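See the structures that follow.
Each of the next two complexes has subunit A plus one more chain, namely subunit B in the first and subunit C in the second.
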Partner chain A sequence: MTTTTAIQTVDDTRTRVTNLARIVSRMPRSAWPLLVFVALFLIGGLIRPGLLSIDSLIGTATFAMILAIASFGQTAAVIQGGVDLSVPNTIAFSALTFLTLIGPLGPLGGLIGALLGGLAIGLMNGVIVAKLGLTPIVTTIAMNGLLFGVLLLTFKNSELTVIPHLLTQLTATKFSLFGVKIAAVLPLGLLLMIVLQLILSYTGWGRSLFLVGSAPEAAKLAGQPVDRIRIAGYALSSVIAAIAGIVLVGFYAQASATMGADYLLGSVAAVLVGGASIAGGRGSMVGTFGGALVLGQVATLVAVANLGSNIQQLIYGAIVLVVIALYSRRARD
Partner chain B sequence: MTVLTADGVATPVAAPPAPSNALLVVQNLTKHYGPVVAVQDVSFYCLPGEVHALIGENGAGKSTIAKMLAGAVVPTSGSVTAGGIALVSGRIKDARLAGVSCAFQELALVPDWTVAENLALPDGAALRGFSQRKSIHAATALLAGLELDHIDARALVSSLSLADRQFVEIARAITGAPKALILDEASSALGPPGVEWLFRRIRELTALGTSVIYVSHRLSELAVIADRGTVLRDGRVAGEFSRGNWSEDQLISMMAGREASKAFPSSPPLPVSSKPDVLRIENLVAEGLNGISILIKPGEILGVGGLQGHGQRELLRALFGATPASASKWMLGGRPVRRLTPVKAVRLGAGYVPEDRKVEGLALELGVGENLLAPWLKPFQRGGRPRLASEKTWISGVIASLSIRTRGPLENAGALSGGNQQKIVFGRWTDRSRTLILLHDPTRGIDVRAKQELYKAIIELSRQGVGVLWFSTEVEELVNICHRVVVLYEGKIADELEGDRLTAEAVVGAAVGVASPGVSQREIS
Partner chain C sequence: MTLPTAPSRAWNAHGVTRLRREGAVAPVAAFLVFFIVYVIINPGLLTRFQLQSAANLVVPLALAALGQLIIVLVGGIDISIGAIMSLSNVVFALSMEHLPVPLAMLAGIGAGLACGLFNGFLVAYLRLPAIAVTLASAFIIGSITREIMDRPGGGITPAFYLATSGELLPYLPISIFWLAIVGVALWLVLQRSALGRHIYGVGSSADSVRAAGLNARGAQLAAFALSSVIVSFGAIMLAGSTITGDPRSGDSYLLSSIAAVALAGAAFTGGRGSILGTILAACTLGLVGSLLFFAGVNSYWQYVISALIVISVVGVPVIWRTTYLAIRRVRS
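Coming up: the complex of A and B.
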């Protein structure tokens, strides 16, 4: 009799564990970084109760949204099975092109010019990777270096600061919602995120990015134009980086050749923390925003602890390593 | 646990204790993956010099047991002893030191290394000094000693055909002079002569007192090689048998848990059709192909026979545009073809079921539904869930007609068993107004029931007027189901067989380059 009870107890615990495991396994991947963010936010509150406020939340979210806008393109590049390390200088290139062109062509001309520049960069990345078969890391890091050269040659020691009023209004202006001041970049970024997520989840092109990233050979033998899908993925990545460049100009009201430097590691970290697989075939825009929130909160904590931005880079690097290790471990099981 | 007695009646008995001279003893072996039971309470033993077969359908737990024996997977409970030494550490090296080696089904070779480097790998060569010259020398001698002279020790494994890779994997398992050798579907990619080769090696080893655990789907091989065997079903022992006291039908019903027949359906009569020929190609030349001419009429099932590596893979890939090829005349679905690509091939009505379903066929991380839709995604159309919803009728139709066992279109394709994965790769082309389907050995390594379901589906395609080009390593399939068979030999058509001439002997004869029958008939029976 006692034995039976013992067995039943064991069974009960097992069922409970299984139930928990089922809930955990059913949770969408993009929910993980949001949970981690909430945990970090509460930890921040324990360290310094002042951090546990709406204003602090909005501050972190604004910072995170800017990182996220810079990382949305990276997300597309990673999903189709590559990585785009030319994001930083594409940002700077687009920002400086924009500011240079608004003089002669006006804001709309500047915008179109900057986006076309981004498109050209992405097409070049894509054609080299897909058609010539070079590895994405080497190709895009070379493109990043090349762009830096172009930036230094073309926009000599220019700290351009004449920003069109409309752009500032769209990004930096704060408006009040239920008594909370919110920078315009936050809803703008959310809109971009939703649009991109819808494209990724619900269009044939978006799904083909996942297909190619997950199994390129299978995609080819199913009759999908793999090269074209790849190239389009890189093009999207660079165009969004170009948009990020313009948003950064508006928000910080300045531009320089090195303005994108933080986003090399930052964009990769946000995408990976957001649940994307570095091997391709997995990732989401919502997850990337979650990843950016986590990194933003880490930055806040680093600032509160007065550790400086070098330590912040070190922590980002460590986070990337840990995340890659965790995900590849889970994939093996 | 049931045992098949002499009169073929299964009776439950307690697991008998292993005799004291048994070399490999497996007791109550159990493996759980989370809530999933892969293997439950499996016990068997193997005497020195004995061949013990493990058979069962896909997902019955054969490979999991093989991996546990080899030390690649840690059992949840139970014990494995080899020559008195307990093996439960889950380390392949420990298993090898105890004299247990394994040729894995999912070949465990490093593709970018040479054959010689791969053969030297288990000895821990990387930790000691490694000499290319010595390893190539050793590997060449080893391959020659195993009658594998045709494999170049300096060649990269990735450049070898699947059959040759399997030879290398087996050779590597044999090299350590193991006390117990586990062969996990070791014959799956081998043609009849390759299977003969494998049996010669097994006899050599058993003569020296080695125990061999032989995991296989091919029942015809068991009659030749197995001394005893264990039948598995759903991770449990469903029965045991020993030489001479079983029939194929009995084993199949034990595996399937019900009476099943091994009969092949016969091909439907060719429909009289006014439609143009599905494929007409003359003098096709590509890498590995040397002037091949083929004609397929609507509804015709054209079999392609021959040994592995005589151009079948190249032929199918060339016809789908996956490798560059040229021909003096090339018509697909009545339209002329020039510089074919897979994109164009699909547009012209072709479909392809490639050799390696896990790499070439499926995106394992995506759902069943999206894998079915893989050829039909268009950039400017809906995708994802809205597309799954709008294609719901087609998807559930495919799942039902092929009896794909899945929890639904959203389940990851990687979670399905091999046979069901194969059905997805096949099913994506059904009911999509195709004119030509190219099949690369779709029934390789899948269970009996799944095979029957695929046969049915192929015949249904034929009935709808779809032309089928079907390469199979199972001669019986070619002889029984196809209308006509071409046999490839060294990149050329060695013989074209039809009607009375279409016999197993003729197919095998042409495959090994002789016109007269009488070679390797054992594998065909």
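Coming up: the complex of A and C.
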């Protein structure tokens, strides 16, 4: 009885909802950051018409893509109900491993070595979280510290600047498409995003990350290997962070032990602005790219208004606050 | 809703029982072993100068860890703790240029308290997740700090150095004295006042606290406020011992405060954590670096060893329990 009345009231309120609200409520979460980005882009055009150009769009998108690549791994970690604060030093570790190994092993050997390093880091994070029951924050912070020590101990000259030509070509070289100069990292990142999004949305393993993130108990009762899924989630996170490290080396043509520091808070911010829930079970790669675009466009606007990087950080913080306030309100309704 | 009353009697029975209940046996034991090893490797620790510099190194970390502990007790985590520390460090150092010491201290603590109330309000009354809120406020507070002061400076006097980081008596660094005062005061608040019991209660079961008609949100807000005041005090001690205000001085305390609380055996789901354990854990982690220095080991190892200490303190009991159960299953 009570259920039917409940359904009726829901139906009643639904009919009262206007068409616009219905469209808005059905819009996927990942569309929101993209919409906000378009709005910010237009606002930028109002402030300074010169900003309303393809070149400016590509510039912001390139900056955002770098942040997004560093945040895709974080997205996977957040979806399965954790957080990966070891992203910064995983990035640096992979970058320095790559540059150290290409001497003796060649570019492919360097790539494989760096990715294996990332995999090992992720597996350790996952095993400690899933099997030992240490909280994700503490585990990954400890791992971040451990990696920092390893970085300082292993790579004596922590600044390496000899970058293989091939990698520069794959990331930083600009090519011309319909008369617009585009850095190669943009299509590379888009490809990575699409592959990861397809894995998340359409493979059983991808879906199981969401299940474990939103209802671990239910997943356990359904006979899912929760621990193994968790471990795989952290492994994916670290492997992508390792890829990000190599991309960063190619794009900025340098590597150092502290090169990942900006991505500690930056990656979490991009993931949250992209519509993921910090409690797990929600998020997408496309959304994370959208979140990175929003943050990138804010950086552009701040630079145009000549406010300095300090104010940019302040605005980032305010955006994250607004976003979590909006999402958690909607989640409770 | 029958709240268990029996444990509270047992709590007051024995100090050791209580320490075990709060998960503090491992950090206390770890500290004792560590301290003995330290003194064997470097007997010079027990000279006046080294005691003083070791204390000055450890006390700000211990205070930051106590601040983190209070947030962890209510089931949260504070990502902005380093930023709060930098802000109140900078505000204090800058106020020292114009104001008398007590007013400058009030300014520093007031700045920290404002951050704590901001975080606490968003977490307790808007019910936003603590990790996300404090992540955002870490950005905001960090930015404000660098707006106030963009490079190290400020007007801290040598007299203030002596008052915070000198010696109270021979062989008794004054910073330990200040830490003890804060520790005892915090212990009184947490263990002997209604507010303290509410803070522990909110961490173990916010619903039960609410069902008992208590103000769970108020307790959460108070925890954030209390935490920020202690962290600000740590920032002032740090400013005293370095004789400068530095907009980046708090950065490293984010990770080390969380590591210390983890080592102290506190439950990150809330409701369990010991003050003594946290202080000793902070002392252990804070001195790893200088122990390695005296042992002639590359001090970069401190990052690796600190991480391994944190992981093994949690991991070893779990592994021990699993093997114990496995052995028992094989026997039966």
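Things to note:
To be clear about the criterion, the second predicted complex is superposed on the first by the 315 of 333 C-alpha atoms of A that agree within 3 Å, B and C clash if a C-alpha of one lies under 4 Å from a C-alpha of the other, contacts with A are read in each partner's own complex, and residues count from 1 in each chain.
The rule is simple: a residue touches a chain if its C-beta (ideal position, glycine included) is under 8 Å from a C-beta of that chain, and two chains touch if they have at least 3 such contacts.
Being a predicted model, the structure only gives us computed values, none of them experimental.
Legend: residue contacts after superposition of the two complexes on their common chain; A:112 is shown touching neither subunit B nor subunit C. When the two structures are aligned on the shared chain, A:145 is found in touch with subunit C, with no touch to subunit B. Contacts of A:201 after superposition on the shared chain: subunit B is touched, whereas subunit C is not. Looking at the shared chain after the overlay, A:210 reaches subunit B, while subunit C stays out of its contact range. Using the contact criterion defined above for the overlaid structures, shared-chain residue A:218 touches subunit B, although it does not reach subunit C. Judged by the touch definition given at the top, the superposed model places A:123 against neither subunit B nor subunit C. More residues of subunit A are touched by C (comparison of subunit B with subunit C). The interface of subunit A with subunit B does not overlap its interface with subunit C at any residue. Subunit A meets subunit C in the complex at residues 83, 128, 131-135, 137-139, 141-146, 148-150, 152-153, 265, 268-269, 272, 278-279, 310-314, 316-318, 320-321, 324-325, 328. Note for the complex: subunit B touches subunit A at residues 34-35, 320, 322, 342-343, 345-347, 352, 354, 359-366, 370, 374-375, 377-387, 428.
By the touch criterion stated above, subunit C contacts subunit A in their complex at residues 77, 79, 122, 126-129, 131-133, 135-140, 142-144, 146-147, 255, 258-259, 262, 268, 298, 300-308, 310-311, 314-315, 318-319.
The touching residues of subunit A, when paired with subunit B in their complex, are 18, 21, 201-208, 210-211, 214-215, 217-225, 229, 232, 277, 281-282.
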